[in-house]
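In order of appearance the chains are A, B, C and D, and numbering begins at 1 in each one.
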Amino acid sequence: MFRKILIANRGEIAVRVIRACRELGIPAVAVFSEVDREARHVRLSDEAYGIGKAPAAQSYLNIERILDTAERCGADAVHPGYGFLSENAKFAEACADRGIKFIGPPASAVRAMGIKTRAREIMSAAGVPVVPGALTATARPSEAAAIAHELGYPVMLKAAAGGGGKGMRLVGGPGELAGAWAQAREEARKAFGDPAVYVERAIVRPRHVEVQILADEYGTTVHLGERECSLQRRHQKVLEESPSPLVERRPEIRGRLYDAAIAAARAVSYANAGTIEFLMDEEHRFYFLEMNTRLQVEHPVTELVTGIDMVRQQIRIAAGKRLEFSQEDVQPRGHAIECRIYAEDPRLGFMPSPGFIRRMSMPDGPGVRVDLGANEGWTVPIEYDPLIAKLCTWAGTRQEAIARLRAALRETSVEGIATTIDLFRALVEDAQFQAGDVDTEFLERELPSTLARLPEASGSARLAAMLACVKWTKEQAGSKTVRPARAGSRWGRVGRRSMLGDWSRDE
Amino acid sequence: MFRKILIANRGEIAVRVIRACRELGIPAVAVFSEVDREARHVRLSDEAYGIGKAPAAQSYLNIERILDTAERCGADAVHPGYGFLSENAKFAEACADRGIKFIGPPASAVRAMGIKTRAREIMSAAGVPVVPGALTATARPSEAAAIAHELGYPVMLKAAAGGGGKGMRLVGGPGELAGAWAQAREEARKAFGDPAVYVERAIVRPRHVEVQILADEYGTTVHLGERECSLQRRHQKVLEESPSPLVERRPEIRGRLYDAAIAAARAVSYANAGTIEFLMDEEHRFYFLEMNTRLQVEHPVTELVTGIDMVRQQIRIAAGKRLEFSQEDVQPRGHAIECRIYAEDPRLGFMPSPGFIRRMSMPDGPGVRVDLGANEGWTVPIEYDPLIAKLCTWAGTRQEAIARLRAALRETSVEGIATTIDLFRALVEDAQFQAGDVDTEFLERELPSTLARLPEASGSARLAAMLACVKWTKEQAGSKTVRPARAGSRWGRVGRRSMLGDWSRDE
Amino acid sequence: MSDHKLVVDGQNFSLRTGPGVCATDGRQVTTDIARAGDGLYSVIVDGRQHFVSVSPPCDGSLTACTAGLTFRIAVVDPRQLPAAAANAGSEGVGQVRAPMPGKVVAVLVKEGQSVKSGQGLVVVEAMKMQNEMRAASGGTVASVAVRPGDPVAAGDILASIA
Amino acid sequence: MSDHKLVVDGQNFSLRTGPGVCATDGRQVTTDIARAGDGLYSVIVDGRQHFVSVSPPCDGSLTACTAGLTFRIAVVDPRQLPAAAANAGSEGVGQVRAPMPGKVVAVLVKEGQSVKSGQGLVVVEAMKMQNEMRAASGGTVASVAVRPGDPVAAGDILASIA
């Protein structure tokens, strides 16, 4: 086993990996940028070292600095978490060059799956269904138009090097194609340094279903069941569950789905943890979307139903151990749901809301798992992704897991910044969500009516709130200065605004 | 189902019941004494009402006041938690008189199991093994001496009305009998208003193993496996696990143990949740100890391995529902351990340590369950029992559950009062505990050597602590006043002291 | 007894408070308020307890949280009523403010330039996402208060449209 | 540079601190301390970060917690050294103090009464448990400071033995 593991990440996932290391008896080393000195992952680590300034390029993406730190503190393995360097083949290779084990798949698998057109070719050859369309990028708009015509509109233009929603355009008809093609290329060039774009048939109202796999370095590959992640905003997941409510209703799909996932992993000689993402159309046909060659944000729902600690398995596999269980040992139990608590305001189109966390309380008790990446009295930095906590519930059935989630959300609060907590409070009351009947466009389509489902306040609670505010105001009048909230106003007056750029690829 | 449930309790168990109510869609009403106005169970309830002064007799034991509150707020059921009124047959009857459902067993079962000699008779008749000894109380010391002579020393004198270690005396030989008999009677009279005492053979180095049962009101009784609770101080549990490491090693015992538990429950026409406690001797023979006719503190370990929400089942059963699963559906998975975080100082013989909680942090993440009954910035009152939180870990194996517990304890801290956290930190390093090889006297016998196993500090951590203290002192010199800690010094200088009285019966 | 005017989530309320009682909507109830920490209150209304957390004001409103509910409450000081009303009316009409802390990555307009409703003015980046702040109505750019690279706090004025 | 004497869990340490450095045991290391809240510090020693929580003093010692470890640390002010030493020597010899807050339920001795080592003096109840406070050594009861029913705080003197 490893002597010491450096975690090249921050926030809740760094905390998650620290715990797995500690349970294996391996000291866990955190790294931090200047603004993260007091961050939760730093507080909970065994050792922590500064690696540079706030912008990620100068710290969490600084390969040399990270590997120097690993050498200096005697770490013989690095866990990349998700995002940042986790799907960077160069980083995996740089680790190998220094004799440090990269806890993840072989660089070749990372590279093969990183180029979407290449991945489509490999999957196609392995018999894994891909969305109908081109296997290679199109060099000219006329070529794209010909493919689109053959596929039938609507079609989707996608960046070959892409992911995370960037360089993607939905094209409804032939008239829109040329303009969309130019825009997608420009966006892809900016985001990935590669303008290549290819054409796929657009799946209408798709559902996102993915299969978790684990493979050891001796060719043994098992799946840990599926997850459904159809609740998204900006092509980014917001709520995930396992098992998929759709697959539960159509169990005949399940075997084929798992077989496809295992075939996909084998096709790139995969080792360690990975996820094969599929889109499912309205006729319940599924198509390979992409493979994430790393730990996923939503891995806890799989852990809750299977009882298997995935990060522990990742570390064991990287240390050259064989899988300690077989496919038959994987026996899912019950249902789990994860809510991503983002520092974003769902009422303002998921506008970021970094800032000072004045007060925070998270639920505990039966069937509740929280993976917290922030602390009360800490300032959520403006530089990184907005995930501050994950709230999961588990119960024997999906209906009970939702009831438990509703109860847990009642106990969840973050004061000082806007978060997605209220969105989840509204979602658990939504009939379509309760029925498990949502697609990846549901959230953006139905958000206003969903948010309107927030529970009403009782008159007694409102009166108590009013009395407390009168009392607070009197107390302040007694003292000298009234300090305004430190940061992160959700009430700032703005003109209309829209999202321009988008998330970089970290889920 | 019920319209509204009043929880006649406080602390972590009131919080636990509030959650079960909420998940069933039933409003949960908390009650509180004057010192508990800001308590966690009050904060998390749907409604909360004051019921009197701090001493329990004037609030949490005040049957009239509690039932008046239930009527006034429209509650049609009462959950008693554990301790307080939970095993008070008169309370169960008073509820029935007012048309309020008592969420627990029939008053007749409570009464039958409340008198230890009566319970022994019933169990004996039902074929459940009891500790060899008298089935009835002895009126004269000579009679006790005759029985003791026949059983063979050492013997145990126990209060007939008793429980919780009161009115109990170990007698090593005939010379000690008369004195011990008088003392036990006096203690029993004081504690229970009944001096009756009976004689049992003393089990040497016994282990405490108990079986959880659930029975509906239509005669269906199932067990949810066993728990081992051999780690005790003053006959009160400190750490519990499921399954029992002893029973795991001797699986041939298991079937007989479960049969005995089911027979015990059926013998008193039991309904709702109950626990049959057994002592196990060095030859692994087990003997009925007592039946707890209520929810136990340690129910979470059973919930973690079975996936069954016991409080939910309690409420369903009380509402007249049939059990929704059969014995075959109960399929335990993995191993769970519970640590009771008491406001007590293990270094001072478990001296109580109520007071102001200056800072507190609890672990979260995979396989960790916390049931918190206190808050940062809250004062643990001097009037009630010292349980402020329960920390449980679950994992696939006992060894992994211990590793996870070690990691979780590293993240657990309560500042301002002394707690048992350090005791658990030491215990997870103890070879005997790791081997699952402890009896009920282990903790008191081995405490000093166990505490000596606390992990050593690194020089770097010590230096950082020193620098922080120097900095703190400078800051204080800059400001005007130095406020001492508010309460709960663990460092108060005392002469030698001993425990005199003991716990009232609430586990 | 003292009288208070409050605006709760945009709705006006009158509240009369006295020792142990308060009245609103013509209904009088018994009350008891205890402080339970910085900005934390235990409020008993007609025997029923509520735990309320009050956060300092933003844009003149307090945030009060209780039992999973959030209220925006402005306690209006009677002496300042006309001023507050005037202020409320004047605020925000032509000003474009930063809705969150971040960094200005682009300024898309110049002073004196005429803009249409919905036209992008300034791009602010936070948490790896770029947000374009747009004009709420057409007009002329009266002033631009920021330059690319400037850090901005929530509520800072970015530009004004006259 | 400034010099400090500290007592850490009963052991004496000398510490010399200066800007960005400190020395102890003849070894010099680089340091950086940032305040992270009330009594919270981020301390970097030779590049390695430690998060330390400091609690106000009890009996003259601070409690410092870091990474699951607890230290009792007394920072000795050099100007008060003799006084502190004298105080440390005199304290607690014949005084019996309450180890925790609670309520006096019985006083077992009277002033002037002679007591043996280990004899019970006062019974204090807390959290439903009765604790008998006993004499650490034999002597005469010089004073009894409490009566049955009195509430006591941690550290309050219950009785003195001369």
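The rule is short, and it goes like this: a residue touches a chain if its C-beta (ideal position, glycine included) is under 8 Å from a C-beta of that chain, and two chains touch if they have at least 3 such contacts.
Treat the numbers as computed from the prediction; the structure is a model and nothing was measured.
**Q** Leaving chain A out, group the remaining chains by who still touches whom.
**A** Once chain A drops out of the picture, we keep one piece.
**Q** Compared with chain A, which chain's mean CA position is the farthest off?
**A** D
**Q** What whole-Å value do you get for the distance between chain A and chain B if each is reduced to the mean of its CA atoms?
**A** Comparing mean C-alpha positions, chain B is 41 Å from chain A.
**Q** Quick check: how many Å separate the C-alpha centres of chain A and chain D?
**A** Here the centre of chain D sits 48 Å away from the centre of chain A.
**Q** Take the average of all CA coordinates in chain A, do the same for chain C, and state the distance between these two points in whole angstrom.
**A** Chain centres of chain A and chain C, defined by C-alpha means, are spaced 32 Å apart.
**Q** Can you list every residue of chain C that touches 2 or more other chains, as numbers and ranges?
**A** Within chain C, the residues that touch at least two other chains are 48, 67.
**Q** Two or more other chains in contact with one residue: find those residues in chain B.
**A** In chain B, the residues touching two or more other chains are 410-411.
**Q** Using the touch definition from the top, list the residues of chain C that touch chain A in their complex.
**A** Going through chain C, the ones touching chain A are 4, 6, 8, 13, 15, 17, 22, 24, 29, 31, 33, 35, 39, 41, 43, 45-46, 48, 50, 52-59, 61-73, 75, 91-92, 95-103, 118, 121, 123, 125-136, 153-155.
**Q** Write out the stretch or stretches of chain D touching chain A in their complex.
**A** Within the complex, chain D touches chain A at residues 34, 36-37, 40, 42, 44, 47-49, 51, 67.
**Q** Enumerate the contact residues on chain A facing chain B in the complex.
**A** On the chain A side, the touching residues are 15-16, 19, 22-25, 44, 300, 303, 307-309, 333-334, 362, 364-372, 395-396, 400, 403-404, 406-407, 410-411.
**Q** Show which residues of chain B lie in contact with chain C when the two form their complex.
**A** Spelled out, the residues of chain B in touch with chain C are 30, 32, 37-38, 42-43, 46-50, 72-73, 377.
**Q** Give the list of chain B residues in touch with chain D in this complex.
**A** Those in contact with chain D are residues 343-345, 348, 351-355, 358-359, 382-386, 409-413, 415-416, 422, 425, 455, 457, 460-473, 475, 482-485, 487-504.
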